[in-house]
Structure formats: structure tokens, C-alpha cells
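Same chain, two partners: subunit A is paired with subunit B first, then with subunit C.
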Partner chain A sequence: MRPLTEEETRLLFEKLAKYIGENIKLLVERPDGTYCFRLHKDRVYYVSEKILKLATNISRDKLVSLGTCFGKFTKTLKFRLHITALDYLAPYAKYKVWVKPGTEQSFLYGNHVLKSGLGRITESTAQYQGVVVYSMADIPLGFGVAAKSTQDCRRVDPMAIVVFHQADVGEYIRNEDTLT
Partner chain B sequence: MAALIEDVLAEAERSGPGGLRSIHVEKPLELQFDLGNLTALDSNPLKPGSFRQDPEEFLRSLARDNTQLLVNAIWQLPSERQNEAIVAKLPQPTTRIPREKALPKTRPPTRWEEFAKLKGIQKKKKSNLAWDKEKKEWRRRWGYKRANDETKDWVIEVPETADPNEDQFAKRVTAKKERVAKNELSRLRNIARAQKSKVPGVGLAPTDQPSKVDLSKAIHVAKAATASVGKFQDKLPKEKEQRNAGKKRKFEPLIGDFSAERQKQLELLKIMSNKKPKLDLTRAVNRQLREDEQEEAAKRRKMHPKGRQGGKGHNQNRRKGQGRKPTTKQRGNRK
Partner chain C sequence: METTKSLKRLFIGGLHHTVSESEIKERFGTFGAVTDVDIVFKKDSEGNPVKTFGYVNISASETELKRCMSILNKSKWKGETLQIEFAKECFLHKLAQERQDADKNKHKPQVDGIAKVVESLKKAGVENFKIRSAVPGTEVPEHTDWIVSKFGRVLPILHLRQKDQKKILKYDPSKYCHNIKKLDHLSNWEIKTPVANLTWYLEEQDDEMSKKRRGDFPAPTQPVKRKKLLVNKYNMENSSDSDSNSEQNEMSTTPVEHNDKRTSNKDELISATRNKFTLSKSTCADSMNQNFGRQATVASSKSNTWSKAQVAYSDSEELELIIAKDKSKIKELSQTDEKPKDMPLEVRQKETEMQKKLIQGALSNLDSQKPDKGKHVIFDFEEQNENKALFEDIRGSSKTKDENLSAEAGEENKEKWHVAKAFESRTVGKLFDSEEEDNEGDSDEDHDGRFKIKPQFEGKAGQKLLSLQSRFGTDERFRMDERFLESEEENAEESVAVKSQYSEDEELAEEKRRAMNILNRVIPVSDGKTEIRREQAKFKNFRDASALHYDPTREDHTVFENKVEEAKKESKAESRKRREEAEKLPEVSKEIYHDVNMGLKEMFSSTAKEKKVVWDTEDDSQHPKILEADWSMDNKHEVTLLEKKVNLFFFFKDDQRLKDGPELFCRSINLQDERSNWEEKRTLLIEEYRKKHKEAKRKINAKR
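And now, the complex of A and B:
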């Protein structure tokens, strides 16, 4: 377990900025406690200071997880965001996509969102912008990347993909083994 | 002169038992002898009174008596004559003396030994002799006049894949030298590891067929072997940059100063937000187009409140003519 280097912090923030923009500083500096990012076995964990101090008592090979896992760094130092970060992305998301009730299940199984399943989308979403996917009842389902800008979403045919799937809550069951 | 000698002898006769004391010593308890170490242990209790009266005399007589007994015991041993001297053969010492130095530490296992333990490889005991096919006799396995000696081959077949002008004998000699050097390096490395001393990390054992990893390592070593440690060397077109070269990386402490960490992160965020262009061209153009679209839609609604055509058809035709946004990458779904 170790703190992130400058390079790694930069990569992490760049990725997070795609989804929550400048709200990252609300994650870094919180009124209700000191939270920090720590790296353990290539995974980034967002953990409060209290829990971190407790976790130092566990040996490296026995420690599985601490706090919330935001994602992991691949071997070539690319950061991959995991679904476990949704709880922290959803409240600060800048661009949201609401999905119709029928398409919810399809998205939760890992499929992309088609134009026919799109309920609402925040105005002025750029193409390839990171978005958080909600159900019509405002429950965060996961996140993805907007395949089309809001403009184009209006004009495109119903079978076209509008949101690329990146992570959904169904992964908690599908990828139970790999999530920590 | 003769009178002097007579006087001395007469004196000795007169002193008798008091003067030259006899070789017999009476002791209540027998002494314990360790003749191997030439020691005697006297367990007789001391008489406190005689010690206090005349300590010097008491100690001297005690020492004399015990030495006499020890010498008597030595005379009892079997003796032999060596170079005009009578020598007694001492038996083995019986008292256990503690070690002078500590027990030697067990040698840490070498890399091969660790590997063998992991894999469960047992040491196979080889016999000393091997059968020499040519000479048809048993010879030692290695050393002087060994069986199947490769260096004594008077002809070596050139393999098909080899260069015909290559000297196979010299090749064997150099191969042997390389093997010896590699073994020596491994041995020294094992010793260094055992003593936890530093080993030069820039070491590549010379191999006949270096693998891809060996070659890339050799490239990096050679690149850094300049006066400015490779800073001004050009990079090859497909050369992979070494990520952690040599030294171990140093990280911040795990529970460092949290506020300092936070400050650094906030600064990083500020730099990142400064780098991002405030006026995103794409978004500006998009926004402009959106406004135009809304205007059009509003106008059309006013003109045709009921028979309103799909804004899509009109707008598209309109948009084709105009200069489109410069940087969007469309994925071919444009109508």
C-alpha cells in the first residue's frame, strides 16, 4: 500500500474529470473528514484516514481491500474506473443520461444504450463525454461514454448507440470475483 | 670444600622429615585428576584456623602437596623415550571446555538450492567412475584422465547449420570459458547475497543465444554507458523506454502529512483546469448551431402551427450547405 505518485494522481484525476469535472476537489477536500487515495496491488482505494491507519496493521499479502476501490491501473499505466466508484461519481456527475425502464435491464446486463432506450440526456453533452447513467427513478445504474453529442442524439436513427457501456451495477453479480 | 659438603649433608640428615619433604602426601579425600589437561581437583575442605594463622605458609604447603600428587599421577602414566627425554603419554582430557567462538551460522541457500527445494528436486548421487566407451574401461568421472573427455577429441563434426570456416575447437574452448565465467559470477553473487553486500546490477551473463529480454537490457546498459549517462543518446525508432531503471523507486510515506498531500492534489487540479481551454471550439459551435435550430423550430411553429414538418429534414438540408464544425469526428451516422 502506498500513496499515489504525481503521475498516477494526474492520470486518476484526468479520468475522474471526464465524469465529474471540477467536482474532484469536493472529493479531495471534504468537510466531514480526511479522505485520501492509496494504491494497493495496482488498485486505487479512496479511504478515510481512520480506516487507513487501521489498515496499516494488516500485512500486504493478506490485505484484500480498504475503503472504496475506485479502479485500477493497468500494466501500461492506464486507469480503468470500476463500478465501485459509482457512489462517489453519481452525486457529482456533470452529464447524466436517463434510461427508459425497458432498457434498464439491457444496460444492467452490459449492453450499450441505443437511441430507442434513451429517456433524457443533459443538454450540451459533448461526444465521448463521460456520463452517469440513471434509471427514470433517478437511481444511478452505472456509467459510460456518450457516443453522440446531445445534438446528434436527436437526429440519429433509433437503433444507433448513444451511450457506450463502461460499468453497471449488474457487475456486482457478474464480476463478483474481480471486484474488491 | 669437603668440609662444606659434609656440613650440608649432616644438616639435611638432621632436618629429616621437616626439611626435604617426602613424595607421599596424605589427604583425606583423593584428588580428581584430568591428566589430559594436566589438572587436579582437590575437594578437601580447608581448615579455616591454619589459613588465618599464616596464610602464605598455608597456601604454599597446600600448593606443594597438590603438585606433588599431580606429578606422582603423571609418573604413573605409560612413558616412552623420545630424543633422550622421557615423555609420558597423556590420556584424553575429561573436562569439557566451552567453545572459544560461537557456532558457525548456517549458510543461506543459494539460488539453485532454493529453486530445487521449491521444485522438489533431489540431489542424485553420482558414482566416481564412469565407463569410457572408446578406451573400454572405467575412468574417473572428471579430472585427470577422465572418461569421455571432450577436449581430447581429435575430430569434431561441423553441424549443418554452422559456418564451414568456423573453428569448432576454438568454439568449444570459448564456450567452456564462458561457462566458467558465468559459474564464477553466480558463485560470487551467491556469496554477496549471503553477506548482504551490494552486487553490481549492471551484469549480464554472457550467453550464446541472448533472448529478447537480454538484448533489450543490453541496449539500455549500453545506452547509459556514456559520460552523460545516456541523456543525449538518440532513441531507436521502436525502442521501449525503461520504466524503472536500476534504483528502487522512492515513494511518499504511507501516513504522511495529510494536509500537504491534499495541497499538492488541489494544486494539481488547479493546473489541470488551467490547461483546459476555456473556450472549447466544438462546444461553442455546437451551442451556436443549437440556438439556430431552436430559432428555426420556433419560427416554423409560428408559421405552421398544425402541419409542421419534421424539423429534421429541413435542418439537414440546411446544414449540408454550411461549413460544418471543424473537429467532431462523426462515426458515419450522418444522414
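And now, the complex of A and C:
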């Protein structure tokens, strides 16, 4: 377990900024305690100070995970955001997409969202912008990347993909073992 | 079904190595009588059986054999799968058979074949390679390789393959026109040549094109390898030097031979050799600028010296020469300088040619050596040794050069010296980061010195210095010495700063700060960009007025046009209102100025009293005013009436005009009253004008 290097921090923030923009500040500097990012076996964990201190007493090979896993760095140093970060992305999300009840299930199985399943979308969403996907009852389902900007969404045909699936809460069941 | 039993040999593969002959007999006995069993074990080097197979001679009927095959083939026996096939002949048998066949074939050459074909064709209806009434292109029944061509002639379809090529071309003779010709003039039966004799043989031509057409390409010549790197050249130079030393004998023999061939006299020999040397010198002097030239000089001059040495040795009467290079060289140099001009032209020319050949020979040898030598990684030390040898050479020559050398030779040597030195310094510099060597005498010491760590590089600061120096590579200008060392104090401070330990909280705070910094870098960068974009957008919006030019075809330029206001379509109410207003004349006071007699009778009654109608001009002036007032009054009150009641032209009953009109003629006011009024006014008026008259007179009088 070690703190992130500058390069890694930069990559992490760039990725997070795609979804929550400048609200990362609220993650880094919280009024209710010091939280920080730690790297352990290529995975980035968001831990509070207290837990961190406890975790330093565990040897590396025995330590499985700590705090919340935000994602991991791949071999080629790209950062992949995991579904476990949703709890921290959802409240600060800048661009949101609401999905119709019928398409919810499809999304939870890992499929992309089609225009026919799109309920609502935040105005002025750019193309390839990171978005958080909600159900119509405002329950966060996961996150993805907008395949079309809001304007394009209006005029595209109903079978076109509007949101690329990146992570959904169904993964907790489907990919249990890879989530640590 | 045939029940005849025949002896067949079966091959059994995949036998387990513990299988015995008896077991095989049992197994196969069910299908027929087993006469012979052979088992072959194939073992590898360690004695482990690799393959086990066998042959069985069995006499059985066909059906039985088939059954045997189907059952036992691919079946498992003791863990191994069996493979049963009809055995190929034991090859002794085979050989024997082949020999027999070969013998048979010798006796019966192709004629048999031809006869067969003819017979088969006859069966198909082809007589003597002819078919009657057949269109060219028809196939011959049962013979796929034959086809009917012109004149009913049956020709074979050929499958041709070019030599050394895989592709096979199919040649169908029926598709080509001029491949057969009817020999009509030979129709009489006496002159009947067999087919074999009709083939034409063309003479093979030996020129290149026809060779190529046949497919006889000449063997490719090897490409000449080019020399590449300068370093390699130097290496080669050195190597060539070392080689040339060893090759001296070779090269020297050739000139010696040449010499022997041409001249027998000693004098001529010596003169020839001398000549050669001068010419070689001159040629070499010309080409000194080139590397080849240099090499040539080195090589050829050396060869020459050697040759001379040998020649001189053979003729030791005249010149006392030792094989040692130095002295011989110099002496000869000095000698040759004395008599350059005496040689005739022809001899000189011949010499130049010879020299060229020599040089070429020398260079070709070098060429052959180079590819190998070039690949050698030559280390500093070895080269140095070679250089040393070269140096000694040159040194030796240079020492005695003071005596008698011509300028050319001196330069030559100097150049060699410089070349060698440069080479040495360069190679020395490359491999080790050490200082230059100036003297050879120090070489031994420097070898040790090279490996000692220089004092300025010791310690941590020194390490820094070393790394700093290595940044600049081997550049001489950047050698770091003590002056470049950082002061130790600074170093100490730095280390202290690094070593200071944070408490955990401070670390976390520090980390947070760092994270915020990075965040600020990541995010405001994007904000800054948007700001910049906005500014850029502003700039984009600025439009230069002077650049603006009205273009009627452009839609957005209609803004600039003055629009002609079109009459608005007003509502009816509005239009009516406006009309009413327009027709309304300004209001006139309603005060009635005079009494109007409404009825005519009253009019006439009043006038009846005074029959005299006096048309005074005084009265007339008053009338128009009254008249006007009258009409306006009427108009005002009876606007609508007037509109509706169109004034008819002709008088009608109760026409107003009839009533009003006569009144205009009559006096309205009492005559007496009028008179008295007038009288009053008159007197007043007279007084006034009299006054004015007096004043005017007074003024005139005053002026005078």
C-alpha cells in the first residue's frame, strides 16, 4: 500500500473529472475527516484516515482491500473506474441520464442504452461525456459515456446507442470476484 | 462372393511390445489360416521399444479378409490401437520385381504403347488418327486426351510444363489454326514418311536472346560490396597495414615478376624499379587526398619498399640493403630523387599501367579482407598496439627525414602521422572517458591511470558531478574538474532537508495539498480553456466596418436597405373615422349673428311694406359675410341631411333655396336705422381723417 504518485493522481483525477468535474474537491477535502487515496496491488482505494492507520498494520500480501475501491490501473497505466465508486460519483454527478423502466433491466445486464430507452438526459451533455445513469425513481444504476450529445439524441433514430455502458450495479452479482 | 482363399500378407502396426507371435496367430486364426508371422521391434538408443509392428501371412478369402480388417483395424489390444493394412511387398521382393520389369521394358519400347493407343482409338472409331466427318473440336469417345482437329485429324491434348516451373499449361490443338498442314503433294503412297520422322528440329542458337527464351539465364554475378563507415576505414587501414605487412611477399612477387619479364639487365631493373617508385609516388601524391590514396600510399609504398628490398637483396652488389624497412625506404627515396628525368616516356607509361594494376591488386585484396575485419570489435588496447607499430614506422622515417627527403615524402609521412594520431585519440576517447594521451611513453602509466577514480568524482557531490559530466558524453569541453563541485555545505543542507521526518498528520496534510495542486492543474486547465474560447469568440464577433460592403444578393444585408413603408391595411372603422375627421370643418361659434326668416311669406311680408328695393352698394358689403355665415351654419347642423339629401338641380317644392334666396335680395335692416347709423359713422370717420391729414401736413412742414 502506498500513496499515489503525481502521475497516478493526475490520471485518477482526469478520469473522475469526466464524471463529476470540479466536485473532486469535495472528495479530497471533506469537512468530516481526512480521506485519501491509496494504491494497493494496482487498485486505488479511497480511505479515511482512521482506517488507513489500522490498515498499515497489515502486511501487504495479507491485505485484501481497504476503504472503497475506486478502480484500478491497468498494465498500460490507464485508469479504469469500477462500479464500487458509484456511491461517490452519484451525488456529485454533473451529467445524468434517466432510463425508462423497461431498459433498466437491459442496462443492468450490461447492455448499452438505446435511444428508445432514454427517459431524460441533462441538457448540454457533450458527446463522449461521462454520465451517471439513473432509473426513473432516481436510483443510481451505474455510469457510462454519452455516445451522442443532447442535441444529437433528439434527432437520432430510436435504435441508436445513446449511452455506452461502463459499469452497472448488476456487476455486484455478475463479477463478484473481480471487484475485490 | 468369392470363397477362394488366397495368400495375403497383412501389415499390423501399433502392436504392444509384449505381444507374441502365438498371440497374433490366435487372433488372426479366426479369419483364416496363418502361415507366417513376423514381428519387428524398433527400439531407440536406450532400449525402450518405440514401435512394434508385424507382418502376417494369412490365407483367407476376400470376405474373411474384409471382416478381419473391419474388426481389427483401429481396435485396441493391450492398450495399443492396431493398424492393419495389406502389406507392401517385402522390399527384397520389390527389388527383384523392379529388375524384372525393367528388363521387360527394355525389350518392348514405346511401340507397344503406340500400338495400344492405336488400338484403343480404333475401337473409338478413329482410323489411322483420322475421323471421318467430324467437326474440329469434337471429343473422341473414351479418350479424354484426344481431340479432333483440322482435316479430321485426331490429335492429343498436351499438358506442357516449362522447365523448372510448376505450372502446367493445357494445349488444345483444336483451338489453334496453323498447327497442322496437309501434305497434299505427298499423297501418293510411295512417299510415306512415318510420323516420327516428321518432326522438325531447329538449330539451337547461342546468342543471348535465344538462350534466354529457352530459359538459359546466365548465373548472377556477385554484387560488389561497398565500404561504409569512416571508422571502419580506419580500422581497415590499420588492418590493411598489418595485413600488408604479412602480404608483402605476395605483392612484391608480382612486381618482381613483372620486372623479370621485361628486363634482364640490372641497370634497367633498378632504373625500372626506381621509376616505378617515383611514378608510384607521383600517382600517390595525386591521390593523397582520398582515403584510397592514403591506403594506396601506405600499401603501395610499403610494397614498393619491400619489392625494392627484395630486388636489392638479389642484387646486393650495387646496393647494400637490409630487409629492415626504414633505412631501405629512406635510402631509396634519396636515390630516386637524383634521377627522375632520365627515363624515357614509353617506359614511364608502362610503369604507370603496372602501378595501376598493382594498386588494384592491392586494393582488391583489401576488399576481400574488409568484410570480415569490419565486423570485429576493436578495442582500445589492440588498436593502440597497432598504432604503436605504425608510429614506430613513421617515427623511424621521420627521424631520418631531416637528411634528404623531398617535400612530398615528408608531407606524406606527416599526414600518416596525423592520421594515426587522430585515429588513436579518437578511439581512445570513445571507449574510456579519460584524458588524451600525448606521449606514447606515458601509455603504460595511463592504462592504470584510466581506471583510477579521479579525485573530483569522489563522494556524493562527486557522483553528481560525474552524472553531470556524463550528460555531455565524451565531449572534451565538458570535462568536470574540482571547480565544478558543489560546495559541501549546500549538499549537507539538502540532505538534512530530505531527512527531516514528517509526522503522519503532516504527511497527510502534505498529501492533500499535493492532491489539490494536481486537481487545480487538471481542472482549471479546462476552465481556462473555456475562458480563452470565450475571448476568442469575442474576437471573432468583431467586425470591421470598413471591410463591410453591401451585397444585394446576401440576405443579411437587407438590414441596410431603407424600406419603403407600405400603406397599411386599416380596419374599416379606422378608415371611416379618418374620413369623418377630415370632413369635419373647424368649429364655428354658434352665436347667431342675425335673425333668419324661415318662411317666405314673412320675407315677402316684410318687403311688402317697403316696395322700394334699394340696392345700395353700402348694403352689399355686409351681405357676403352674412351669406357665408349662413351656409356654414347650415352645413354644420345638417351635415347628415345634406349628405343624404342630394341637392337636386331643379327646384322642388319647399326647397330651401327658394326660401332663402329671395331674402338675399331684400333689405334686412330698417332703412332709417341704417341711415342714422351711417350718418354717425360718417361724421366719426370724417373727423378721423381730418386729424390724420393735419398731422401729415404738420410733418411735411416740419421737414421743410
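Going forward, the second predicted complex is superposed on the first by the 180 of 180 C-alpha atoms of A that agree within 3 Å, B and C clash if a C-alpha of one lies under 4 Å from a C-alpha of the other, contacts with A are read in each partner's own complex, and residues count from 1 in each chain.
In this section, a contact is a pair of C-beta atoms (placed from the backbone, for glycine too) under 8 Å apart; a residue touches a chain by one contact, two chains touch by 3 or more.
What you see is a predicted model, and the numbers here were worked out from it, not measured in a lab.
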Field: Side-by-side fit of subunit B and subunit C on subunit A, or clash
entry: clash
Task: Name the chain, either subunit B or subunit C, that contacts more residues of subunit A.
output: B
Query: Thinking of the overlay built on chain A, is A:42 touched by subunit B (first), by subunit C (second), by both, or by neither?
result: neither
Which superposed partner A:87 touches (first subunit B, second subunit C, both, neither): neither
Message: I need the one stretch of subunit C that runs into subunit B once the two models are overlaid. Options are 27-35, 45-53, 369-377 or 513-521.
response: 513-521
Task: Would you please give the residues of subunit A that touch subunit B in one complex and also touch subunit C in the other complex?
output: 3, 6, 9-10, 13-14, 17, 22, 24-25, 28-29, 34, 36, 49, 53
Field: Complex interface listing, subunit B residues touching subunit A
entry: 251-256, 258, 261-262, 264-266, 268-269, 272-273, 280, 282-283, 286-287, 289-290, 293, 312, 315-316, 328-331, 333, 335
Query: For subunit C, which residues count as touching subunit A in their complex?
result: 504, 508-509, 511-512, 514-516, 518-519, 521-523, 526
Query: Which residues, counting only subunit A, touch subunit B once they are in their complex?
result: 1-3, 5-6, 9-10, 13-14, 17, 22, 24-25, 28-29, 34, 36, 38, 49, 52-53, 56, 124, 126-127, 147-149, 151-152, 155-157, 160
Query: Within the complex, which stretch of subunit A touches subunit C?
result: 3, 6, 9-10, 13-14, 17, 21-22, 24-25, 28-29, 34, 36-37, 49, 53
